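Labels A, B, C, D and E are assigned to the chains in the order they are written; within every chain, residues are numbered from 1.
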Amino acid sequence: MPGPSPEAGSPSSSPRTTGTSISPRRVRRRGAVTVTEQPPSVTREGITIQSLSKVYDTADGGEVTALRNIDLQIQPGEFVSFLGPSGCGKSTLLHIIAGLLPQTAGTVDVFGTPAAPGRQDSAIMLQTPVLFPWRSVLDNILLPVEILGLDRTSATARAHELLELTHLTEFAQKNVWELSGGMRQRVSLARALVTDPALLLMDEPFSALDEFTRERLNIELARLHEELGRTTLFVTHNISEAVFLSDRVVCMRPRPGEVIDIIDVDLPRPRGAEHLASAAAIENESLVREAIAEYI
Amino acid sequence: MPGPSPEAGSPSSSPRTTGTSISPRRVRRRGAVTVTEQPPSVTREGITIQSLSKVYDTADGGEVTALRNIDLQIQPGEFVSFLGPSGCGKSTLLHIIAGLLPQTAGTVDVFGTPAAPGRQDSAIMLQTPVLFPWRSVLDNILLPVEILGLDRTSATARAHELLELTHLTEFAQKNVWELSGGMRQRVSLARALVTDPALLLMDEPFSALDEFTRERLNIELARLHEELGRTTLFVTHNISEAVFLSDRVVCMRPRPGEVIDIIDVDLPRPRGAEHLASAAAIENESLVREAIAEYI
Amino acid sequence: GSGGDGAGGDDGLTVMLSYKKSIYWLPMLIAEDQGYFEDEGVDVQFEETNGSGFVTQQLIAGNVPAGWAGAPDAAVAFSKDDNLRALMCNPPQNIFRIVVPDDSDIESVEDLEGKTLGIAEAGGGEEPIVNASLEAAGLQRDADVRILPIGDAGPASLNAILQGQVDAYAGSYPDISTLTADGRLQTRDITPEQYNAIPGDCLVTTADALEDDQVRDQLVGMARAWARGAVFAAENPEAATTIACRVVPQECEDMDFATTYVKDTIGLSGVADDADTPFGHVDDSAWQTTFEVLAESGAITTDPDAGTFAGGGIAEQFASDYWDFDIAATREEARSSDGN
Amino acid sequence: MSTSTAHKMPPTRKTTVTKAGRPARRGPWAKVWPPVLVIVVFLLLWELACRAGLVNEIIVPPPSDVAVSFVSMLDKAYFWEATWVTMAETIAGFLIGVVLAWAIGTALGMYDWAKTAFYPIVVGFQITPRVALAPLFLTWFGFGLTSKVVMAATICFFPVLLNVMVGMDTVDRNARTLMRSLGASRWEEYRKLVLPSSLPLIFAGIKNAITLALIGAIVAEFVGASRGMGVLIKSLNFQLDVAGGFAVIVALMIFGLILYWIVEYIDSKVVFWRSHS
Amino acid sequence: MSTSTAHKMPPTRKTTVTKAGRPARRGPWAKVWPPVLVIVVFLLLWELACRAGLVNEIIVPPPSDVAVSFVSMLDKAYFWEATWVTMAETIAGFLIGVVLAWAIGTALGMYDWAKTAFYPIVVGFQITPRVALAPLFLTWFGFGLTSKVVMAATICFFPVLLNVMVGMDTVDRNARTLMRSLGASRWEEYRKLVLPSSLPLIFAGIKNAITLALIGAIVAEFVGASRGMGVLIKSLNFQLDVAGGFAVIVALMIFGLILYWIVEYIDSKVVFWRSHS
C-alpha cells in the first residue's frame, strides 16, 4: 500500500507551534473551511474533509441527514475535539474518517489517501466498548497487534504499560464479563493505543469514568500526545476535557449535523495538571459553551 | 404480593425537610451507618442496607470483593447519589438493591420487604442501554407498561411526554439501530420513567449526553423529583450533577467497595437552573471532591 | 389406533399385504376390478405394507385377523407362535431365483465357490434359500462365497451384474424379469430344483380366527374371489394386463416390462396348467421343505410342526370351500372381456 | 497510474465502500441469474458427459431424457396423486414436528429441572433410528398417511428443538436482567425477549426441518408405503425407468425448494432486524 | 404466617435469589439422577404394560427381555463387529460431513456471490432424498463402507451448513466494525471474530449432525448393506427376535448418546463464555 509512512504524524511535522504561539488567537470562523498557512498541496499530509455529507436511509423509507456540507482541514499532529449535542453526527463523522461508513457526498482524505478502513497507522475507539468474551483482558488489548502482525513480545510489554496507565494491571488475565462498565471502556482505550497509531480517533473515550480517573487519563493523554505527536480526533461531551486536550474544538449542531464554530484553544503546551482549572482554560471553556449555547 | 402501596414514597412521607433544613448540616460520618432520627421500626418505609457484602467468584477460581460491609439508610423520597471511581461497586450495589444480584452477606430491605426483582413500584435504568431491535423506540419505552399490565392509552400519552422531555419526539416510530449512543440512553431513561415508579435506580443515566442536554435533564429530573417525591438512587461520575440533584451524596472507594463518606447537600429545594453553578453548589462540590480525593 | 381388529362382522375384513399393490397381486387386482369381492359379499380392506415381517408381527399381536406373508416369514412366525395357520399361497411356487448371466461359466450353486453372490436384500426372502443352497452345496457363506446385498431390480443391481461386481444374483422373479426386460442382460437360472416347491406369499391367519365362523366365511369369500381373479388372468392375459395397468399405471410406464411381469405372474400361479388343483394349494411336502430350509439357514431354532401350520386338513377344507365356483363361467367371462 | 495522480482525484468522486460488505441492491434478477447460470452449466456438462459416454446411462440418464420424462409425467394422474400424498405427509409432519419441538424445546430451555430430567431422553430418542421402529409406528399409527407423518415429524423434531434451546442460551444477559427487573414472568420474558431474540436460530432450525421432513416422508415411503413419490421412484427404478425416477426426484427438488423458499421468505419478513442486532 | 412478621425477620437472613435463575451447583449427581429416575419410571411402566398385556410382546417386548437379550449379545462377536462397522461409518460420515459443511458454509456466508450462486443448489441437494439416490451412491462408492459413509456425511451436512451460515449472520455489528477498522482480512475476521462468536450455533449444528450421521448410516444399511447394526436389526426382525432387535436399538442409543455427550462436552469446554455473552 502506498500509504504514508508512520512518521507522517511525527513531532517534526507537527504544527503544534500554532497552539503554543504566544499571542492568543481567537479567530472564530463560522462553518467554514479552516484556511491554513500551508499551500493546498501540503494538505495531503493531514486530514482534508471537503463538502462532506451523510444521509442515512431510514427503515421507514425516509432520510436522515446526519452530516451536511462539512469542510475541515486537520493538520498532522493536531489534537481536535468534536463537541455537540447528542445526535449531531459526531460518531458518524468519525466512522466516515475511519473509512467505516461510506459518505453520501464529498471527500475525505487521510494522510493523502481517501478514507479507508484498516489503515495500519490509525486506530478508532468506538463509542461502545466492544470486547470479545473469549479473550482475556490482555488478549483483547493485543488484538490489533495480532491483526497487524506486529511483534507480540514488545507489544505485550506495551500492553502492560497501558494496563498500568489505565489502572487495570491486576485485571490482565480476567475475563471481560468480570469488568465494570468503566473498566471495559479503559480496556477499549488501551486497545486503541497499543499499536501507537499516527491517527487516533476516539469516540467519547472517558464517558464512563469518574472525574478523577478522567483527569488523570486526560493528563496522560496530553503527555502522550505531546511526546508522540499523534493526530487525534476526539469526541467528547465534556467541555473542560475538550479544552484541556485540544488544539482546536469543533462545535457542531444537530439535524442536519453542521459545524457551527471552530475554537482555537490558546493554552500553552506542554499541558499539565496546572492547566486543568486555570483561568485561561476556564475562559476558553466559556467561549466554547457560548458557541454551542447559541444554537440550543 | 403484600408489597407496600405505590404511595409509600409519596411526598407526604418524604423527609426532604432534612435536605431543606435551614441550618446547614455538614456531618461527615466515615464508613458508618447513617443514624436517623426515626426509630428502627419506621425503617420499613425506606431502604435499609445492613452489613452488605458482595464477593464475586472469578473465573480463575479467585474472589473479588466488590462491596464490603455497607450500611446505609435511605429515607423514602430521598434523592441519594453514589460517587466513586470506576470499579468501586456502584453498579453492583444498585443491582443488589434491585434484587437482580444476590448478596454474599447482609440484608437489604426495600420499603419493608427484602430486595427482590420485579417490584411494581421500582424501576432500574442499567448502565448500558438495553433496547430491543424488534421494537420501535416508542414500543421500547412502553415495555414496562406491557409487563406490568398498565393501561396502554394513558401510558402512551405519558411516553410521548417523555419523548418530548428527552427530545426524541420525531424518533418515536424509528428503529433503535437508527439512534446515536446518546439517543439510546435517553430512550432507556424514558423507559425507566414511564411507569412512575416510587423507587428509581439509575446507573449513570446521563454519561453519554452533552453538557447542555445533561443540564436540561438534570433540571427536569429535579423538578420531577420535587413534584413526585420518588426515592431515587443515582450513580454518576459527575460531581456537580450529584450535588445539584441529591439530598445526600455517598462517596465510595474501590477494592473492596466501601462507603468512605456521606455528604449532606445543603442546597435549598426546589432547585432550578439558578442552583447549577451557584456558590453553594460549588462549595458542596468541593466538599465531595475533597472526600473522594482523600482516597485516591 | 391399531391396525384394526376387523375380525369380520359389519366392519368388514382387514387383510394385510406384505407388498404394495402391484402386478404381483394380479389375481387380487382383477378380483377387485371385476367386483368379485362384492359378488362374494365380503367387505375386505387390504392394508399394504412393505415386508412380511410387518404382517406376521401384527398377526401374532392379534391386531389383524389375516394377512399375506412370504412363506419363509410365515414359517418363522409359526415357530414363534403355533397359533398361526397358513391357508393358501399366491403364487404357490417359489418366487425366489438364483441366476447368473447367460455367458457365465457358473453352472450350479457349487460353482459359486470363490465368487460373489448378489442378493436383493439382507434379511430378505431370498436369503434362506441362498443359505440353504450354499449349505447343500457344501459351501460356507462369507468364507467360500461372498454375499453382497445390491438391492432389488434397479439401476444399481443391473449395473453391478453387468460390470461383474457380482457373479450371480438372487432375487424374486419380478426382479429377474426387470433386469432382463430390455435385453441388455440374459440370465440362466441355477436355483436348485428342490426349492421350487417353496411357496410365495401365503394367506396366514390364526386358529382362533378360524373358529369364528363369520371370519372364516369372509376369508373363504375372499379366497374365492381371489381364485376367480387368478382364473380370469390365466385365461386372458391381455385383458388382465389392461386391468392391472388401470389399477397400477405407474408399473406400466414400460409396457414390455408390464407384459413380462404379468406373464411370469400367471405362469407361477399354476392355474393355466392344471385346473383340478385349487389355485393356491400347497403340498405338505413343500411346507416340509420350507421348514427344513429355514432350520438349515438358522432362522428357525425350534422344531415346529409343518403339519399343524398348513396341513391337518385345515388347508384342505379351506381349499374345497373356495374352489367351488363355476370355473368355466369365469373363463368365459375372461375370454369375452377386453379389460375395459 | 502513478500513486500521486491516484491521490489527487477530483473532489466529486465518491468512495464506493459498501455497508458491512453487503453488495448494493441490483433488483431481483441479480439473485436469480447466478444460480440459474450455475445450474445450466451443470446440466450442460452432465448432458455432454452422457453423450460422450463418460457416465453410465443405466445409472445417470442425460438431462434431456429426464426433461422428456418430466414433461410427460405432468400429464399423469398418478404423479399428481403421489405428489399430493408426499406433500401432505411432509407438511403435516413438518408442522407437527416444529410445533412440538418448539414447545418442548422451550420447556426444556426454560426449566432447568425439565432439561436435566428429560433432555437425555430426547437425545436418546433422536439417536434411535426411526426406520428401526417402523413396526411400532405401524402398530400405533396405522398403515396410511399417519405413520409417514409421524416419521417426518420425528425426524424434523430435533434440529428445531436444539436450535430453540441454543437460541434461549444465547439471549443477551443484560436484556434478561432488564426483564427480570421489570418483574416479567417467565412467559412474558419468553414472549417479549427470548422468542424474538432467538428467532434467527429458530428459523434456522425450521429451515432444517422442512428439508428433513421431506426426507423423512420419503424414507418412510421407501420403508413401507403404497403411495407417494418415494413409492413412485422405487417402482420406476424397479422398471429400470431411470429417467422417470430422476424426473420424480427433480419434481421432489422443485416442490422441496418451493417449501424451503416459503419458509425463508417468512424468516426474512419476520426477523427484519437481523442485520442490525 | 402474617405479613408483618415476615417483614421483620432477623437481619442475619440471606436472600436466596439465584443468579440469572440458574440453580446452585449441587455436585455431579444432581445432573445424573433426574434422568435416571425418569428412565427407570419409564422402564417400569413399560414392563408393567407388557405384563398386563396392554402391549403385545411381539411388537414391543418387555424391557426385562430386552435386557436379557442385550446382555447375551455382549458376548457375541457378530454384535461387536456390527457395532464397529456402524460406528466407523457414523464417525467417518460425521467428520466428513461436518468439515465439508463448515468449509462450504463459511465460504457461502463470507462471499455473497457464492451464496447467490450456490446456495439454491445446496438446498436443492439437501431436499433430494438421499435414499432415492442410493443407486447412484452404490454405483459410485461401491457396496462397502464408503457408500454408507457418504450417506451419513450427506445427511449431517446441511444442519451444520445452515447453522454455520446463521452464525455468521448473527455476529455483533459493532464487533465487525471494530475488525474492519483494524483492517482485518476476511480470514482474520473469520478466525478471530466470526468463528468464536458463532461457535454456540455451530456446535448446535454439530450436535444435530452426530445424531443424523447415525441415522444416515442405519438408513443406508437398511437400504443395502451386508454388515452393521442396521443389518443386524433387520435379520433379527426377520427371525421375529423382537427383543434382540430392541437390544440392538438400545445398543445404538447407548453408543449414540456417548458420541453425543462427547460433542456436548467439547462444546461446553470450548464455548466457556457462553452464559456471559
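Here is the rule we go by: a residue touches a chain if its C-beta (ideal position, glycine included) is under 8 Å from a C-beta of that chain, and two chains touch if they have at least 3 such contacts.
All of these numbers come straight from a predicted model, not from anything done at the bench.
Participant: Touching both subunit A and subunit D: give me those chains, sorted by label.
Facilitator: In this structure, the chains that contact subunit D and also subunit A are B, E.
Participant: What's the fewest number of moves from subunit A to subunit E, given that each move must go to a chain touching the current one?
Facilitator: Minimal hop count between subunit A and subunit E: 1.
Participant: What pair of chains is linked by the largest number of C-beta pairs in contact?
Facilitator: Summing C-beta contacts for every pairing gives the maximum at D-E.
Participant: Roughly how far is subunit B from subunit C, centre to centre by C-alpha average, rounded to an integer in Å?
Facilitator: 85
Participant: Can you check how far apart subunit C and subunit E are, centre to centre, with Cα atoms defining each centre and the answer in Å?
Facilitator: About 41 Å separates the centre of subunit C from that of subunit E.
Participant: Need the CA-centroid distance for the pair subunit A / subunit C, whole Å please.
Facilitator: 87
Participant: Can you pull out the residues of subunit B that are in contact with at least two other chains?
Facilitator: 59, 99, 117, 128, 175, 177
Participant: Would you please write down the residue numbers of subunit E that are in contact with two or more other chains?
Facilitator: In subunit E, 56, 59, 135-136, 139, 172-173, 223, 237, 272, 276-277 touch at least two other chains.
Participant: Residues of subunit C that touch two or more other chains: which are they?
Facilitator: Expected reply: 53, 57-58, 61, 63, 154-156, 159.
Participant: Please name which positions on subunit A make contact with subunit E in the complex.
Facilitator: It comes out as residues 95, 98-100, 117-120, 123-124, 126, 128, 130, 132-134, 143-144, 146-148, 175, 177.
Participant: Which bits of subunit C are touching subunit D when the two form their complex?
Facilitator: Listed in rising order, the residues are 1-4, 16, 20-22, 47-51, 53-54, 57-58, 61, 63, 152-156, 158-159, 162, 174, 178-179, 181-182, 184, 249-251, 253-254, 257.
Participant: Which residues, counting only subunit E, touch subunit D once they are in their complex?
Facilitator: Checking each residue of subunit E against subunit D gives 20-23, 30-31, 34-35, 37-39, 42, 56, 59-60, 112-113, 116-121, 123-124, 126-133, 135-136, 139, 155, 158-159, 162-163, 165-166, 169-170, 172-173, 176, 200-201, 203-204, 207-208, 211, 214-215, 218-219, 222-223, 230, 233, 237, 245, 248-249, 252-253, 256-257, 260, 274-277.
Participant: Which subunit E residues qualify as touching subunit C in the complex?
Facilitator: Spelled out, the residues of subunit E in touch with subunit C are 56, 58-59, 134-136, 138-139, 143, 223-226, 231, 234-235, 237-240, 242.
Participant: Which residues of subunit B touch subunit A once you look at their complex with the stated criterion?
Facilitator: Interface residues on subunit B, with respect to subunit A: 56, 58-60, 64, 83-87, 91, 127-128, 173-175, 178-183, 185-186, 204, 207-214, 237-239, 289, 292-293, 296.
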